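Every chain is named by a letter (A, B, C and D) in the order it is written, and numbering of its residues begins at 1.
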């Protein structure tokens, strides 16, 4: 059974100054899936992501990624295990070019240290060339080839959303956490995003998705987890979720009409 | 190599100046100070401009280097070169020890902590008079010699300082355009995102903090041997501020900008002396005006419109992004 | 021993009250405009120096005229600083604005040097120099003026921000400038009030302490530094924290000069400040800012 | 100096007398100077510069020295030793001056000493520390009394009053620190025990903490080494705390400003100072009296109250010019030799008798012990 679980979350609890954001939440993400987490604002989705990526530490509970316990380790160590993510509020390196942004993603795939970089030792040049090539591939996957020489700060929002994904892909993650990738995008861009998520999944990367656009979620997901007040309301395939009475009452009933 | 074309230009300038203007006060005296300041500014720029960690106490590391060299050579008769190495090792260790708690701080708190560190270091230099010579300073520091070539003229010091400066610039350019350099810039852009890319931001910050301190220590040792006399006034809070001003004035996150800022800020007071009592006021006004109208720094501020015009004409496939 | 400590405490509170006023000025400007104003110490100097200059000599003004004029002048300088140095640099980075205010402080010092020369000056004590004895400890009437004046000013500022329309408007600007603008607050005017208020506090500090401490064109540097330290110690952007930080810093310096080492008292002050920051990275009363992701 | 130079000097002299009234001739005597005219030590550098300008103007109007006009090249160091080094180099290399008078603070002076030695440039320092002339450096001379002399003078006076236990408080600047070191070293020779050793920062505004500690020792007198606002605040704090012990200050406060600032609290304070402050009170037989009165009259006519610091510049300038006059040229080696041979020069600081072993040439008599009474200086007999 262990092979069927890429990520296991067990009895996870986190509260901020008395307000419980996540309460005893458990779920498993199987590999090769697009797994979505939905729920109304304040349901604790981003808090969950922040714990999964090591930015917040849970008060209680366990998180296992490929059977490694990742509670208590630093985000960069989580990244080294093969988890990458994008952010709800863009966390771009606006002080860098598009190519450099994505090359940062190649950090874990290269070895050059400060000293060898300082003296430009022979291996450095080769690694630079490789990194650049990997970055180009990641950019190509997100259809960003034509922005390669631009400064990140000069790009429109929709492009930046994809750039963030390209950067995360350059890490070559096994699990990609995507926090509202379609937020603020127009219809065309949303369709592109949907296709991109599928492509990523087909490339063998498991996607954990938080998204408000129900249309996108229902189209793209293999399984869906519904959160309400930090705990699990329902879990299942899109069809199951759409039929779930609790979900329809608490959440879809209100919002889905507008979103779809 | 396109990447280093600016560097070759700078090198040519450094080499040609004393040849074109031999025995010129502005080249061999003010120039040497400008070169020294450039070394410090380039180091500090790695920390401040690229990694985005402000330091208002950089003079402390400059001072530790200078005083280690001075004390070991004058009081214990050490060879100057050995003293420089020990100075660098000592400064590096101190920087490493303080970096962890200090670099946890952000923004103005970090500014305050580094400022406090600089002031504490200065107070120790003043108060530990039996060891440091106190406010009167330490004299008779021997000069350096390179393979029997004693650095006993301003011109010779110019060459050594120039070579060191170019070395520092070269190293800085190499670092910025590498995996480590991108890590630095990334943590400036977004610390969380940098972590998620697998960058150990704590270690990276520590690394660049120590590197900047080492550069300052080397500069301090050179300063010590060049001046043959040092006193705490040269390592005060005001000098730290001056260094930060050099970096910001030239343009943050630009190595050439840091060099440029250092040169401007070294020559400006030299040129303003003719104004006598008005000097202080004019200096303050120039500083304000430059920062108001070129908030990105003179070098970067003047370069950006120019470069934008270039990139608009060319198709955006430039292989190497600018520094 | 207890007498000694009482004396140290009285001294510390007097010095601390000065720091507190400067720190409060830092805090107000930071709150209103996100700027660390390193020219804050210069306000203190200008308040004191202009009062001295105006009341000096045969044809000097009476103190009752000179002091208010000096305060007005300083407020004017504060507003001009905002108009001509801070406002045009809108959107500049933190470090850039730091350099601008440092430039401004150098500029103001340069002007003071030209106008008033390099001499050290004093103001007369407000109500004599007969020491008041408390046990074996003593203090001057002027010390009471400093403590009392600072206390009144702090209460006044507190009241201004919590109970007046304009005070609340400034706080609104600091929270969200765009939102403030949308609800009809004149942000530009509020900025000028904030800088004017800061300058006013500086001038008051200058007038209150100069009888004890003397002043000269470069007296602002150290005060600015100590005021900034105090504001950070208390938690930057928290006005009452700044006041507490100021008094605390004064006490630390005085007690360590008396009990540990006068040579290292400033170093001890900074070491304590660093230790506080290591354990509370946002100062004693500062709000911890969690990073929003 | 070769014949050609001498001839050209003569030629220049002729030209100069032809073009009488012209300010700077091609071959003038160039005196370089770097002083702390601004910054914390401006009370030293400011009167020093004014004195130099005043007298050089006067001498030029009177025809100069050896028929040559004097040109003053001055830079303001703000009291910063690093700037001093850079300006000293500028004077030597760019301006090619014949002699340097300057270095208001000991730090500035000590910083440039290796430089002038290497360049072979006669240098007359206006700073206080004894380190400047001990050990003697070939090219450096010094005008002001040393801090060691001040300490000796003070301890001598204390001994006469039967004081054997002294509390020391000093500023943390160069002057205060150096004075402290000399005082600690000299005290035993006078049978004096230093029972308390406190210090304060340059910009400190209150010293009651340190003085409270001193009050609770068994000291019989307090000695303060420092300059700027510090000593005035110490004086006020001493009285505020009700301490009735005799208070001694150093020559660092020897200006009327100190009395103005400290006010009534300064009553009874004693300090060693050059005779300039009490010129009128000197007996007419005192050889210094006419010199002092003359300097005082000229300076005060133009700038306001004299301080002893400006006096050092007067002494330095005249010793230098007399040496150039005796040397008959501005050849640096010769000028240096002549400065070293200065004998019986009556200046504001005292009577200077230099020698290869003594580049100051003042004796302890040059200091007068003063006491402040009724807001003015009086001489302690």
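In this section, contacts are C-beta pairs under 8 Å (C-beta built on N, C-alpha and C of every residue); 3 or more make two chains touch, one makes a residue touch a chain.
Because the structure is predicted, anything quoted here is derived from the model rather than measured.
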{"item": "Longest centre-to-centre distance from subunit D, chain (CA-based)", "value": "A"}
{"item": "Which of C-D and B-C has more C-beta contact pairs", "value": "B-C"}
{"item": "Closest chain to global C-alpha mean, per-chain Cα centroids", "value": "B"}
{"item": "Whole-Å gap between the CA centroids of subunit A and subunit C", "value": "48"}
{"item": "Whole-Å separation of chain centres (CA-atom averages), subunit A against subunit D", "value": "73"}
{"item": "Length of the line joining the C-alpha centres of subunit B and subunit C, rounded to whole Å", "value": "32"}
{"item": "Cα-centroid distance, subunit C relative to subunit D, in whole angstrom", "value": "37"}
{"item": "Of all residues in subunit B, the ones touching two or more other chains", "value": "127, 192, 277, 279-280"}
{"item": "Per-residue multi-chain contacts in subunit C, two or more chains", "value": "113, 263, 266, 293"}
{"item": "Touching two or more other chains - residues of subunit A", "value": "55, 87, 91"}
{"item": "List of subunit A residues in touch with subunit B within their complex", "value": "53-55, 74-76, 79-80, 84-85, 87, 91-97, 99-100, 103-108, 110, 112-114, 117-120, 124, 127-128, 131-132, 146-150, 167-168, 171"}
{"item": "Subunit B partner contacts - residues on subunit D that touch it in the complex", "value": "37-38, 75-76, 79-83, 85-86, 89-90, 93-94, 106-107, 110-115, 118, 129, 131, 172-174, 177-178, 181, 199"}
{"item": "Residues of subunit C touching subunit D in the complex", "value": "4, 7-8, 10-12, 14-15, 18, 113, 118-120, 122, 129, 131, 133, 137-140, 209, 212-214, 216, 218-219, 221-222, 254-255, 257-258, 262-263, 265-266"}
{"item": "Complex contacts: residues of subunit B adjacent to subunit D", "value": "23, 25-26, 28-30, 33, 126-127, 129, 134-137, 139-140, 152, 154, 227-229, 231, 233-234, 269-270, 273, 276-277, 279-280"}
{"item": "Interface residues, subunit B side, partner subunit A - complex", "value": "171, 174-175, 177-183, 185-186, 188-190, 192-202, 207, 211, 253, 311, 315-319, 321"}
